[in-house]
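Below are structures written as structure tokens.
In the two complexes that follow, chain A is the common piece, with chain B as its partner first and chain C second.
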Partner chain A sequence: MNFNIEIPHSIDELVLTLNKFKNKNYRIGAGCTDLLMELKNNSASNLTIINISQVDDFNFNNVKLSNGNVDIGANTTAFKICENENILENYKTLHEAALNLASAQIRQVATIGGNICTASPSGDLICALMALKAQLYIKNSLGENREISILDFYKGVRKTDLKHGEFLSHLSLNSNNKNAFKTKSGFIKIGTRKSMECSVVSLAYHIQIDKKGNIIETGLAFGASAPIVKYATRACDFLIGKKIDSLSKTEIDTFAKLVVEYASPIDDIRATAWYRKQVLFNISKSILEKNIEK
Partner chain B sequence: MVKIKGTNKYKISFLLNQTKVEVIVKASAILLDVLREDLNLTGTKPGCNEGECGACTVLINGAAVNSCLYLAVNADGKEITTIEGLVNNESELDPIQNTLIENGAVQCGFCTSGMVMSIKSLQNYYISKNKSAKTKIAPTNQEIKKWLEGNLCRCTGYVKIIEAAEKLLTEKV
Partner chain C sequence: MGELNKLKVIGTPVPKHDGKIRASGKAVYGHDIKLKDMLYGAILRTEHPCATIEKIDISKALKLKGVECIITAKDIDVNNIGYKRDHPILKSNEVNCERDEIAAVAAQTKEIAIKALQLIKVKYKVKKGIFDPFEALDLNSPKINSFNSGKFDNKNIAEVFKYSHGNIEEEKSKSKVHIKRRFTLPRVTHACLGTSNISAQYDKISGKLLLYSSTQVPFLYQRDMAHALKMNPSDIRVIQPVIGGGFGSKLDMYPFEPICALLSIKTGKPVQIIYSRKEEFLASPTRQPMIIDISCGADKNGSFTYRDIKIIKDNGAYTSWGATTPFVIMQAFSSLYKVAACNFEATAVYTNNVFAGSFRGYGNPQATFALERMIDLLADELKMSKSEIRLKNANFKGEITGQGLHYDTCGHKECLETVINKSNFNKSTKKSKEGRYKKGIGLASMLHVGGGAKIYRSDGCGTTVKIDPYGYCTVISGSNEIGQGSETVLAMIASEELGISLEKIKIINTDTDIKPWDVGVHASRTSFVAGNSLLGAINLLKIKLNKKAKELLDSKNDDFNYENGCIIDNTEDKSINLDKVVREMHFSEPNELAIASYFYEPSSQFQDKEFKGNVSGSYAFASQAIEVEVDTYTGNVNILNVYVAQDVGKVLNPLLLDGQIHGGILQGIGYAVSEEMIYKNGILQNPNFHNYKLLTASDIPQIHFFPIETNDKQGPYGAKGVGEAPLIPTAAAIANAVCDALEVEFLELPLTPERVLKAFNNKKKLIHEF
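Right after this comes the complex of A and B.
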């Protein structure tokens, strides 16, 4: 493994570094837990790592409240996300996804931006952020900004909308609906082991319910069952307006079928495509069969 | 941190087991290799070299991190603690090490240094949490298991290790 390294210490320096390297072979590394593994296996020549872990910028490295929304800097570690009380209280799916990411040691350094931009089909945080319909904010090497919904960000296996010379600066989560009285929010990860395991199937859900028990907003995404993490729009739409406590068995089955329609899994070392679809169907049902939490 | 002119190397300095050290490392150097090869601290073990087994766990600013997946340049300016750093001036073992020994939680010993460092980080986490708490709390059995999820042991079956950690952390947080 051999590469050069650039270490910007501020966002401005990062922008300048990207400008300098925009026509060269570079990769951006934050926690580098995935990147180093990749480079240990396939070392590229003339590669420069733009090491952003030492960028000293509060908004880039932390979770903060902003006009009722929650902004999360791309360099925020999974550990900080686990520890954030606002996320635990209002976006439980993201809390649980972060808590189930790899191991305690990895969570100390792995960042949310790294998980988003690595674009793994089984990315745990991606899955939760899709269920929450996160908005991503991107900066380029000229310092210009643009934004994109995470639902439109993924273009294929490990391919994103991020262009050469751009980096993810932060993401934003909308506050929950003001009429939401309860939320049913969580993250289910199925694997052969609880820790350090790439999911066989993962499912993130965030369902908001009003005082009368009507479902008013729904977000649901699943991982490891398609080339990218998938958002199940039709399944989400199906639930809107229904009463959470009086869903029939047929309605729950229909909902789970609508989720599975988005799956196109493959057979691989971890599971067969058939198994993945079956598990996805069962865990989709399970979220509506459980009693409402919180 | 200073880049060495005309090379792909950096001079970094950090606090290692409470002593300031300076070392010249390649840009792509991994902390685990620097600790073992350049600084001769072989208590930190190379296991899987891919962040799975936790044998290489060290503390960075008090928190457990896999040194096999950590760029050495990022250690610059930080406080690194390895298993060697837990022994005090009188060469006494850390209470964590003694509790593991007393509870029969060590067999081949390869995972032990990483396991000890992870337990230490959990102890640090609870000590800091308890500073601002009205009543002292200790981690539950489930929390200990969760915290040690990144440390593999192929000998003990974990039971003795978890029991030892629980015994220690109930008293010393």
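Right after this comes the complex of A and C.
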């Protein structure tokens, strides 16, 4: 490992730094929990790490309420997400995804922006944020802003829509539907160990239900079973208008099959494609089966 | 030795002697050693597991600034290493496994050394390797290790162990049920948190070699190193820094160690080699993978009649101490539970896989897994309860087994009864047919040596104990500390016997130039053997102290108590400070030292050629009942409760004992459900913690531990060895529990979620066409 480090201390400095390095070989690092591992294996020459962990900006480093929505700065650690009561109450899937991320030590430094931009096919926070249809806000080296839905952000294995010279500043979660009486929201992570684990299959769901028990809004995404984290549109649409408490076994099976249709896993050292699909099917069913709520 | 009912220190939860320095980061591990002008060594390993080496070109690497020395096989005059001397330190003509060392570099920095490795060009002629021991046994297969002695009728057999007692055919005819199975056990590794390391410092002027080494067996290591380097053993001094985990991995000497010494000898400067985590996975030893064919029977009453076992062990390309694990494996088959007849044959077969070494339990977890699975199958066949069949056949006090093991004390039955009761074993097996989660419970026992193991000419340990004029005590023990807590136990014994507080006791145990002989840390022997050795030394020392105390106190008594730094004559109500007695010994005639040495050799026997004999000073037993919940949606096995009863003889320190139990069980759970080194054509696919599923603190289940005290008169205060036992029956009990939960059979470990889900779905014909 041999690299230079730039340490901006404010968003303005970060923009200037990116401007200075936009034509050079650089990587942005926050918690660096993935980046360091990567650098150990490939030591590129003339590399600069732009270490954004020292950027002193409240909005960049924290969760805050904004007109009913929740804004989360890109530099917010997984630990802060776990601790946030608003997220626990309204977006349980994200809370659980953060809580199951790696280990207590890693959660202290790993950031939500890092998880989103690393674009791992098994990214736990990505999975939850897709189920919540998060909106991403991006800044470039001239200080200009743009936004994009997380559902459109991923372009391939570890490829995102982020251009050279851009960085993720924050993301926003819409408030739950005003007619939602309750939400069924959670994150299921399948692996061998109870911590320090990379998902073999993961599933995030956020289902909003009105007073009469009708499903009014749905979001469901899964990880580690395709080149990118996948949003299961047809499975989500299938549930709309149905009553949560009177789904038949056939309907639940159909729903689970619709989820699996989006999967295209490979055999690798952690599991076979067969296992991933079978488990994805089973856990998709489990979220609608009674008495199995987490 | 103090009276058992009046013990003050023994049996109390004294924190670990070295706990504070370890927890505060102040401990000096091998990785922390920095010597003046020290160079950094690195090893070039083969790119192919099986190939002929056509050319090694080091010219470019030699030109790299900062490189001080590069060695290949042609630069060194050495002997082969390993238990069978079949292992060249550096390979010259052929490479036979992924670990093989071809060249080594010493450079001014670690980075330069690694860069130099990349500049060494090796031309290989790649050959098709043999990775399946059965293929290696095929007569048409080529000879894998050219140094194989050829003692056996197949060129790829490294070692064979045969044992038998009783009349198998007769017992077969008495049997009502017979079961036959093949079990396959995986390759797992120790995963020590401190990676392998060594620092070597050769002094050209004196011709002496100083090694800072993490070996578990310093005196055997000294001899092996001397043989390898063609030196005099006593010209090699071994100092042990703090060791970051052993678990048996440091029982053999490996090529990197003489390589480091050779680099120091060539350069005249100290050289250090430290493995990266990846290298640790690739190049440190593993547990033996093996295939166990077993048939066994029981009569109509459920008494075990016979066991017939054939084992094929994948030896890998070279032979380590691991090849001798059948010593222990055969004990489990011949002597765990009563069995009238036993035939046993284990064959270690060379392959182009990496070689295995010794690992906590030494073959016993594999054997116990196979045996305890078979007992469940016998019970099912006989329609007997799984607890009843075990209780019926349990070992007992006074038993002399077919192999000649003498159970002077035996807690087997009590261990079984304890876990059966505490776990509610016989009531907890109500199965729900429907539902996602299925509960099950499994039972398994184990037998292991508990008083050393006489596999070398001596299984002894020497100790010198000294009291200084200030009343402090120094114990110089032949045994060593690898994290298991032996220093603490020795200090507790000295404190108990001499009435000296713990903080005034120093343990010296790291330097072969100073300490007396000991075989090393293995076979759960240290507390037993080194403890007895220390007690022997203290007894001799007390004779001297008593004599002086009697004179100074003008006492008629010959027997004194040692308490609170004083020597007390209770009958005459007189006492004198211990330090004063020592000063008087030193400074008044006849001027002698308060020092004594003792060599303790256990009463055990060296086994005969048929492997019969009482190989240990005592035997440890344990039973575990483990309750699991299997998620039939994912195949995950959740360990709910582990009930452990272990015959420890006597609890010396409940805190350290708990540590051994927790650590061993977690290691056993890993062996059962998650750990596996995955190879593809001899190349390790998961050399990292990311994909090698070592469990962590969050995976520790509820552990309910019940020590069983049988007070073995051979052991110090009645204690037996405890170190290896906790992991030995764990995988067996878990496998039995999972089989119980799902009503399917498993013939291999680990029970990964995928294997479990597949087995469950196959049974339920639930396979979706994904």
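The working rule: the second predicted complex is superposed on the first by the 289 of 294 C-alpha atoms of A that agree within 3 Å, B and C clash if a C-alpha of one lies under 4 Å from a C-alpha of the other, contacts with A are read in each partner's own complex, and residues count from 1 in each chain.
Methods note: contacts are C-beta pairs under 8 Å (C-beta built on N, C-alpha and C of every residue); 3 or more make two chains touch, one makes a residue touch a chain.
Just so it is clear, the model here is predicted, and its values are computed rather than measured.
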Following the superposition defined at the top, how do chain B and chain C come out on chain A, clash or fit? clash
Mind working out whether A:65 is in touch with chain B, chain C, both or neither, as first, second, both or neither? neither
First (chain B), second (chain C), both or neither touched by A:102: first
Can A:283 be said to touch chain B (first), chain C (second), both, or neither? second
Under the stated touch criterion, which partner chain does A:7 make contact with: chain B (first), chain C (second), both, or neither? first
Considering only the touch criterion stated at the top, classify A:272 as touching first (chain B), second (chain C), both, or neither. second
Touch check for A:260: first (chain B), second (chain C), both, or neither? second
Touching A:240 in the superposition: chain B (first), chain C (second), both, neither? neither
Contacts of A:194 with chain B and chain C, given as first, second, both or neither: both
Quick one: from 7-15, 61-69 or 97-105, give me the piece of chain B that collides with chain C in the overlay. 97-105
Intersected contact list for chain A, partners chain B and chain C 103, 194-196
Which chain C residues qualify as touching chain A in the complex? 436, 633-636, 673-674, 678, 685-686, 689-691, 693, 695-699, 752-754, 757-758, 761, 768, 770
Contacts from chain A onto chain C in the complex sit at residues 103, 190, 192-196, 198, 200, 260, 269-275, 277-279, 281-283, 285-286, 289, 292
Parts of chain A lying in touch with chain B, wherever the complex brings them together: 1-5, 7, 29, 32-33, 36-37, 39-40, 49, 51, 53-54, 79, 99, 102-106, 108-109, 194-196
Touching residues on chain B, where the partner in the complex is chain A: 1, 8, 10, 26-28, 30, 49-52, 54, 57, 60, 63-66, 69-71, 73-74, 118, 121, 146-151
